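Just so it is clear, A, B, C, D and E label the chains in written order, and each chain counts residues from 1 on its own.
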Amino acid sequence: MIDFTQPTPVLLSEERQITETRRELVLNMGPQHPSTHGVLRVRLTLEGEMVVACDPVIGYLHRGVEKLGESHRYAQIVPWTDRTDYVAAPSNNLGYVLAVEKLCGIEAPERAQYWRMIMAELARIASHLVWLGTHALDIGALSVSLYTFRDRELILDIFEKFCGARLTTNMMEIGGFSRQIPPALPEMVRDFCRYLPKAIREYEDLLTENPIWLARTKGVGIVEPEIAISYSLTGACLRGSGVNYDVRKAMPYLLYDRIDFAVPLGTHGDVYDRYLVRVEEMRQSIRIIEQCLDQVPADGPLMAYESNYVIPPHERVMTTAEDMQRHFIWVIKGFSPPKGEVYHAVEHSKGELGYYIVSDGSPIPYRMRIRSPDFVNLQSLPYMAQGAMLADVVALIGTIDIVLGSVDR
Amino acid sequence: MSELTTAHFLFLSAALFIIGMVGVLTRRNVLIIFMCVELMLNAVNVSFIGFAWEQNALTGQIFALFVIAVAAAEAVIGLGIVMALSRRLDTVDIDEVRQLRE
Amino acid sequence: MEWIADWLFVIPLAPLIAAVANFLLGRWWIRDRAHWIAVPAVGVSFLASVPAFLAVARQHEPLSQHLYTWIPAGDFRVPVVLSVDQLTAVMLLVVTGVSFLVHLYSVGYMHGDPGYHRFFAYLPLFVFSMVMLVLASNFLVLFVFWEAVGLCSYLLIGFWFRRRSAADAAKKAFIVNRVGDFGFSIGIMLIFVTLGTLDYAEVFERVGTLGAGTVTAIALLLFTGAIGKSAQVPLFVWLPDAMEGPTPVSALIHAATMVTAGIFMVARTHPIFLASPTAMLVVAIVGAVTAFIAATIAVTQYDIKRVVAYSTVSQLGYMAIGLGTGAWIAAIFHLFTHAFFKALLFLGSGSVMHGLHDELDMRRMGGLKRSMPLTYWTFLIGAAANAGILPLAGFWSKDEIIVGAWVGGYPVVALIALAAAFFTSLYMFRAVFMTFHGEERFDRAHLHPHDPPWTMSVPLVVLAVGAAVAGFAGVPPEQGWFHRLLEPVFESAMHHEVSLATTLAFGAISTVIALAGLYLAAAAYVLGTVSPAVVAERLGPLYRLAYNKWYFDDVYQRLIVEPARGFATFLWRQIDVGVIDAAVNGAASLVVWTSQLWRRAQTGLVANYVLAIALGTVIIVGAYLIAGSNLFR
Amino acid sequence: MAIEVLIFYLLAGVAIAAAAGVVLARNPVHSAVSLVLSFVNVAAIYVMLRAEFLAVAQVIVYTGAIIVLVLFVLMLVQQQDLPEFHGGRPLRRAVGFLLGLVLLAEVAAAILTRSLRGAPGSWPPEAVAAVGGNIQAIGRELYSVYMLPIQATALLLLAATVGALFLARPELIEERLAVARRLFTISLAHPRGVDPLQPVAELPGPHDNERKPAGGDRVLVMARNAEEFTEQPAWGEIRR
Amino acid sequence: MDWEPLIVSYLFGFVLLNVLLLAMAYMTWLERRLVAFFQDRIGPNRTGPFGLLQPIADAVKLISKEDIVPANADRLVFLVAPLLSFVLAPLGALVVPFGDAVTVFGRQVNLYVIDINVAALYFLAVGSMGVYGIILGGYASGNRYSLLGALRSTAQVISYELVLGLSLVGIFILTGSLSLVDILRVQQRTLVLGGLELPNWFLLSQPLAFVLFLIAAVAETNRAPFDLPEAETELIAGYFTEYSGFRFSFYFLAEYINMIVVSLIAATLFLGGIDGPFVDGVWWLAVKAFIFLFFYVWLRATLPRFRYDQLMGLAWKVLLPLALINIGVTGLVRLWGIGAL
C-alpha cells in the first residue's frame, strides 16, 4: 500500500539502470503486436514468465488533435473529436459540443438532448462491445469477438441511419441537431434494445461462469480503491474497484437526472470485476435508452434557435434576410464565444472525458485540451502488471480498455 | 565378425563411455559435462543389456531400468543445481565454481 | 442374516469415508454441507449393525470377516479381522445408534460454527475408531483404535482450540489417558511375551497356563487402561474437564461410548480377570470408590454439564463394580441403559445451553419448565432413569449390579453402591429442580429460551423413549432377554443364583433410597424446607472436600506436575545444555579442527576431482587387467 | 555379413559419431541435439537386443524428458553465462584425452581377452514370448524379485523431486521482485480525492445499495446516487 | 530374412502417410468452416465448390513464399527443426490398427503397419520426441517470442506427457498388454452389464482416464485452450514467429497431423477403434476420430486460453493426482476381480 503522506519516488523507465538484473529478459511488446490494440508499445522486463517491470510507451498514433484545435474554428473541431476515440465517436462529439455550449451559454432543446443521450449510450454500448470482443480475444476466447462485432454492426446501422456515417459520425452539432430524426429510427433503436439483452446473455454464457475465464481474470490486476483514486482512474477501471464515481450521477449533464439507472460497482477490483461492471453497464445503457425513447417528445425543435452561435435552420435561411446573414457569417467567419475558459466532462465509455477550452473571444479556441480517460487509465498498467505473468499483461491491457487514438490524440 | 556377438555391444559401450568421460574431463560448461555424464550412464546400459542378451536373462535389463530411473533423479537434481549456480554465481563454468573449497 | 458377515466392513467404512471426505474437501468445498455426508454415513453404519446384531442374536455363532493381514512378520501375523459376537453386537448398536442420534443433534447444535466441516470430520472418525475398537479381534488392533479414540477425544475436546481452557482440557485428557494407556500397553506386551500371541481366542484359551502372579499382573495392567479411559479413581479427573468440548461430543464420547471402552475391554477380556480373583477385587473396590466419590462431588457442583459428567464417572464406577463382582452381564446391561439416559442428559443440557446462549451455571437457570417443555420432560426422564426410579432403565441395571455385588460376596461394596445411589438421586433431581423449577434466574430481558429445532429434539425424544424402556430388555432380573443374549459370551463366568426375595428386597431398598434422594432434593430446591447453604455450612469440611473434588487435581498438581516440571527444567539446564550439547559441540569442534588441516588438499575445482576419479579408474582397470580377476579375492 | 550386423554398424556408427559431436560441438544446443541423436540410435540397438521396453523407456525418459530439460535450462541460462569452448587449461584437456585413450585400450584388451561367462539366465526368448513379450516379462521380474529395489528407486525419485523443489524454490524470485518493486514502481500517487487519515466513519454513511449477484460469488453494487458510499471490501485479503 | 511382410508394411505405411496428409489438408478446411459456423460466419467458400480447393491453394501459396532465415538465427537448427516436427508427427499412426487382416492380391495384409509389444509407449515416445521440433525451432529463431514459446512448450509437453502416459496405465492394467492390437481385441468383446449388452470400450470402464487423456492430448498437441506456445495474443506466433513459407507449413502440417494421430489413438484406445455396430471396419474408426477432431475445433471456438502457471497447476495438481487415483482404483478392482472388465 502506498503511503500517501510521503512523496513517492518516480523513476522514469528509460533512465532505469539495469544493474544486478542480468537474468532478466527485456521483451518489447508492440508497437506491432496482435494484442496491444493498435500501436501501444510495452517494454516488459521478464523473469521467466513473470513481469518484473512494465513500461507502456505511447505516442505512435499522435496526430496533435489538441494543437489542431487551436487552428480551427469551433464548429470545425467536431470532426476531429471523432478521430480520437473512434469506437465511440458520438460520445466524443458530445463532450466537445457540451463544452462549447457551456462556454456560449446556450442549451439544446429537450428533444435534442434526449437524442443526444440515446446516441451517447449507443456509442457506449458499441465501445463496450468492441472492448468485450477484443478483451476476450486477448484471453483466447475466439468466438466472442465475432459475436460482439456482429452486434456492433446493428449500432453502426443505427448511426448510419441517423447521420449517414458509421464510424466517424460527426453527428452532434453545437446547439443540437440540424437534421431531422428519420421517422423509422425510434423503432429501429427499440428493436435493438429488445435484441441486445439476449446477445449479452449469450456472451455471458460463454464467459461469466467459464472456469478458464474465471481463472484468467479473477484476482488478476487488482487495483485497490485508494490506488485507483491516486492514479485518477475513471470509468469502469475506477468503478471496478468499488469507487462510486460516474459523471452522469456526480455532475449530471443532459437529462440524466431524469433517468432511473444504477451505476454498477465492483467489489474486488480485479479484471473480472471490471468485466462484470462493463457488462452491467451495457444493460443499464439499454435501460437508459428505453427510458429516453419513452420520454422523448415526438415533435419539437432539435436546434437551439435565435442565437449567433448556432447555424440557422435551412428554410429560414432561404426565407429571411437576417437568418441568411447569420448563416453567411456563421459559415464564413464562424462564431466568437465570450472570453473565458470552460471545462466540461461527460461519462465516456472509458471514463471521464473532459474538454477544456480557453476562449480569447476569437472564433478560434485559444487552447483546447482533451482529458482522455484511456490515457489516464493506461498509467495504472505498470502497477497492475508487476508480479503478473506475461499472459496477464494482455488481459490487463484489455481490461483498461484503451483506444490508441484517444491515448495519443 | 559376420555375426553379432556381445563384444560388438561391449565395444560400443566402451566407446560411448570413454567419449563421455573425455567430455567430462575436457569441457568446462557444466551442462555439457552433465550431458556427458548421461552419455556414460547410457553406455553402461548398453553393456548391461548386451550381457542380458547374451545370457538370456532379464537382470541386465532391469538394472538398466534402474540406471534410467537414477539418471532421471540425477537429472532433476543436477539441473536444479545448474539453475541455482547460474542464478547465484551467474556462471555455469566449472572452473569458476570453487564453492566446494570452503 | 448370515450375508452380513461379508458386509461387516461397511460398518467402519461408511464413517471413515465421511471423515476423510469432510477432512479433505470440507474446508474448500463441502463447508456447511458436511452433515449431508456424515449423518447418512453413520446411519448406514447403524443400519448395517442391525442385521449383524440380529444374526448373532439368532444363531449364537460369532461372525467374522478377514479384511487383510496387517503385519505379516514371520510367525507373528496380525490380521485385521472384524468379528462380531453378542457383546460386540450390543456395543455396535449402542455406538452407532447413539452416534447417529448425536450426529443428527449436532446438525442443529453446531449450525453456523466456523469449524462445522471439521466437526463432522472428527465425529465420524471417532465413530470409525470406536467401531473398529469394538470389532477388533486381537489386542494390537484393539490398542491401535484404543489410541485412535483417545486421539478423537483429544481433537473434539479441543475443538474450540482457540479457547485456552478447551486446549488445556484436551491436553489434560490426553495426558491422563496416557498414564492409563501406558499400563495398558505394558499389559499387552506382557501378554505377547508370555503367550506369544495377541489373538483374543488364543490368549483366552491359554490364559490358564500362566502363573497366578502373571495373570494378576496382566489383568491389573489392562485394568489400568480401563481406569484411564473409563475415568475411574484415581484417573477420573480428565472427564469433567472434557466438558469443554461441544455438548454433542460430551454426549457421544464422554457419556455413551468412548468412556465405556474401558468397561467393554474388561468385559471382553473377562477370562483373564476370571483367572485372577485379586484383580477382580481391585476392580470392584476401584469401582465402588469411584461411584461414591463421583456421586458426592456431583452433589456440590453448579455447572450442569459437570454434574452430568460426575454422574457419568459415578455410573462408570457402578459398571466397574459389576465387572469386579462377577456380574458381567449386569455391567454390560448398565452400560447399555446408561448410554441412553446419559446421552439424553447431555443432549438435554446441551439444549438448555442452546436456549440460554451457552449458560452453564445452574444458579443462573431455573423455571425453564415452562419455556422448554420438551427439554424438561426428556431431561426428567433421563434424570429419573439415572437416579434409578422404577421402572425406568437405570433402575433395572443398577439394581442388578448392587444385587450382584451383594450375592457375589462383596457386601461392603454393595453398601457403598447403595450409598452412592442415594447421592445419585440427590444430585440428579437437584439438577432438574435447579434448572427447570423455581424462579427464572436468567436474564429474561435478553434470553428467550425455547425448545430446539427438530434435528435436536428428535434425538431427545428417541433417547427419552430408550431411557424409559431400555431397562425392560433385562426384565426379569437375571433371566431377561438381555441376559440370554449375552450368556454365550460369558459362558465361563460364574453365575449368580439370586433368590426372588433378595431381588425384591434390593429393589425396594434402592427405590426407597432413590426416593429419599428425590425428597431431599425437592426439599432443598423446590419446597425450600431445607436450605442447601445451611447444610453445606454444617457439613463444613466434608462439603469443601466434595466441592473441591476431593482435592484430586491439587494433589496431582503438587505431587506430579510440579516435580515433573522441576525435573524437566533440571534436565534441560544441567544435563542437556551442560553435558549433551557440550559433547556434541566438542565433537563438532574436533571435526572442524581436523578438517582445517585437510582442506589444504582441496582446490574446490570439480574438474580436478573428476580427473582424479578418472585416473583412479584407469589404474584400477589396469590393475585388474594385469593381475587377472582374482586380484581382490 | 548378416543384415543385422550391417544395421548394427550403421546404428553404432551414428551413435558414436553423435556422441563425439556432444563433446566437440561448440554450441551447447548442438551438443544436446547430438546427444538426442546418439540416444535414439542406442535405443534402436536396444531393440536389436530384444529390449523393446528399455528402448521406449530410453526414448521417453532420456530424450523426452532429460534432454528436453537440459535444453530448457540451456535456454534459461543466458548465453553470456556459457563458457567458451577454447581457452584455459590445455594441460587438463591433454591429460583428459590421454586418460581416455588409455582406458579405451585397457577396456578393449579386457573385452578381447574376456573368458568369464555367467550362468545362463531363466528368460530365453521363448520364455519371454510365453508370458506375452518383453514388457510382460520385465513386469513379472520387476514386481516379484526386484520389489524392494523398485520401492527404493521410487523413494529416490521422491527425494530427488523434493530436492529439486528445494533448489528451485521461488523465494529467490520473490526477493528479487521485492527489490524491483521498491525501485521500479512508477506511481503518480498524490494525495488527491481521499484523505487516508480521515476515519471511514466520517465519510457519508453506507446506504442500502442494491446488490446484484453477478457471476459466481461476485456481486455488483448498484449505486443509484453519486453520494453513496460503498463499504470497502477486505482489500488486504485479496492483495496479491 | 523374410522380406515380404516388411515390404507390405512399408507400402501400407506409405499409403497411410498419404491418407494422413490428405486428411490433414481437409482438416484445415473443415476447421475453418466449422469455426466459421460456430462464429456466425461463412468461412472459405470461394476456391472450388464450398471452398474445397482452399487447402490446395493454401499449399501453393505457402510453398511459393520466400523462405526467410533471420540473421541471428542458428541456421542449421533453424532449417532442420520444422522438418523434425513434420517427420515425427505421423509416426504415431504406424501402430494404429485400421482393421482386421484383409486379403489383397492373394496376400494376407494386416491393416496396420507394425504391431509392437510396446505400441502405446511407442506412441508416447514419438510424442515426446515431437517437442524437439518446437523447442529447437523456438531456440534457433533468435527471437524472444520464439524462445518464450519454446520454453512454454517444453514445460507443457513434459507435464502433459506424464498425464497422457498415466491415464493409459488403467487400460494397460485391464488388458495386460501395451499392444494396440491387443487392446483393440479386448475392446471388441461384449460387456454384459446387468442384462445390457454394451461394447467393452474403455470409455465405459475408464471414463476418468478418458477425460484425462482427452485433456492431456489437447495440451500435447498445443491446441486451444492449451495453445500457449503459439498464443497469438501474447507471443505473436510463439515458436514459429520467424518461420515463413514451406517451413512454416511443416509446423502447420505437424500440428494437424498430430491432432489426427492423437484422435486415431484415442479412438482406438477408448472408443473401440474399428469396433462398431453392424459391420466393424475402418469407417467406424474414421467416424470416431472425426468426433475427436470436431471436439478439438469446438474447444477452440469456445474456450479462452489458460495462463502458463494455471496450465502447470492443472497438470500437476489436478490431472496427475486424478490419474494416480485412477490407476490405484483400477489396480484394486483388477486385484479383487470385481466385475469381469
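The rule is simple: contacts are C-beta pairs under 8 Å (C-beta built on N, C-alpha and C of every residue); 3 or more make two chains touch, one makes a residue touch a chain.
The model shown is predicted, which means the values in this text are computed figures rather than measured ones.
Colleague: How short can a path of touching chains from chain B to chain E be, counted in steps?
Modeller: 2
Colleague: Comparing the two chain pairs, does A-E have more C-beta contacts than A-D, or is it the other way round?
Modeller: Between A-D and A-E, the larger count of C-beta pairs in contact belongs to A-D.
Colleague: If you average the C-alpha positions per chain, which one ends up nearest the average over all of them?
Modeller: Going by the distance between chain centres and the overall C-alpha centre, it is D.
Colleague: State the chain with the largest centre-to-centre distance from chain B, centres being mean CA positions.
Modeller: Max centre-to-centre separation from chain B belongs to A.
Colleague: In terms of CA centroid distance, which chain is the most far removed from chain E?
Modeller: Centre of mass proxy via C-alpha means gives C as farthest from chain E.
Colleague: Could you tell me the distance, in whole angstrom, between the mean C-alpha positions of chain C and chain D?
Modeller: About 52 Å separates the centre of chain C from that of chain D.
Colleague: Return the distance between the CA-based centres of chain D and chain E, expressed in whole Å.
Modeller: 23
Colleague: Mind checking the centre-to-centre distance between chain A and chain B? Centres are C-alpha means, answer in whole Å.
Modeller: That gives a centre separation of 63 Å.
Colleague: Chain B to chain D: how many Å between their CA centres?
Modeller: Centres of chain B and chain D (C-alpha means) sit 16 Å apart.
Colleague: Mind pulling the chain B residues that touch 2 or more other chains?
Modeller: Correct list: 21, 25, 28, 86-87, 90, 94-95.
Colleague: Considering chain A alone, which of its residues make contact with at least two other chains?
Modeller: Chain A, residues with two or more chain partners: 22-23.
Colleague: On chain D, where are the residues touching two or more other chains?
Modeller: Within chain D, the residues that touch at least two other chains are 53, 57, 65, 69, 72, 74, 76, 78, 89, 92, 95-96, 99, 103, 107, 134.
Colleague: Under the definition above, what is the set of chain E residues touching chain A in their complex?
Modeller: Its residues touching chain A are 35, 38-41, 144-145, 148, 151-152, 224-225, 227-228, 231-236, 300-310.
Colleague: In the complex, go through chain C and note every residue touching chain D.
Modeller: Those in contact with chain D are residues 607-608, 611, 614-615, 617-618, 621-622, 624-625, 629.
Colleague: Going by the contact rule at the top, pick out the chain D residues touching chain B in the complex.
Modeller: My answer: residues 1-2, 4-5, 8, 12, 15-16, 19-20, 22-23, 28, 31-32, 35, 38-39, 42, 45-46, 48-51, 53-54, 57-58, 61-62, 65-67, 69-70, 72-74, 76-78, 81-85, 88-89, 92-93, 95-97, 99-100, 103-104, 107-108, 111-112, 114, 117-125, 128, 134, 137-138, 141-142, 146, 149-150, 153, 156-157, 159-161, 163-164, 166-168, 172.
Colleague: For chain B, which residues are in contact with chain C within the complex?
Modeller: Going by the criterion above, the answer is residues 21, 24-25, 28, 94-95, 97-102.
Colleague: Okay, in this complex, where on chain D does chain E touch?
Modeller: The touching residues are 3, 27, 29-30, 33, 36, 40, 52-53, 55-57, 59-60, 63-65, 68-69, 71-72, 74-76, 132-136.
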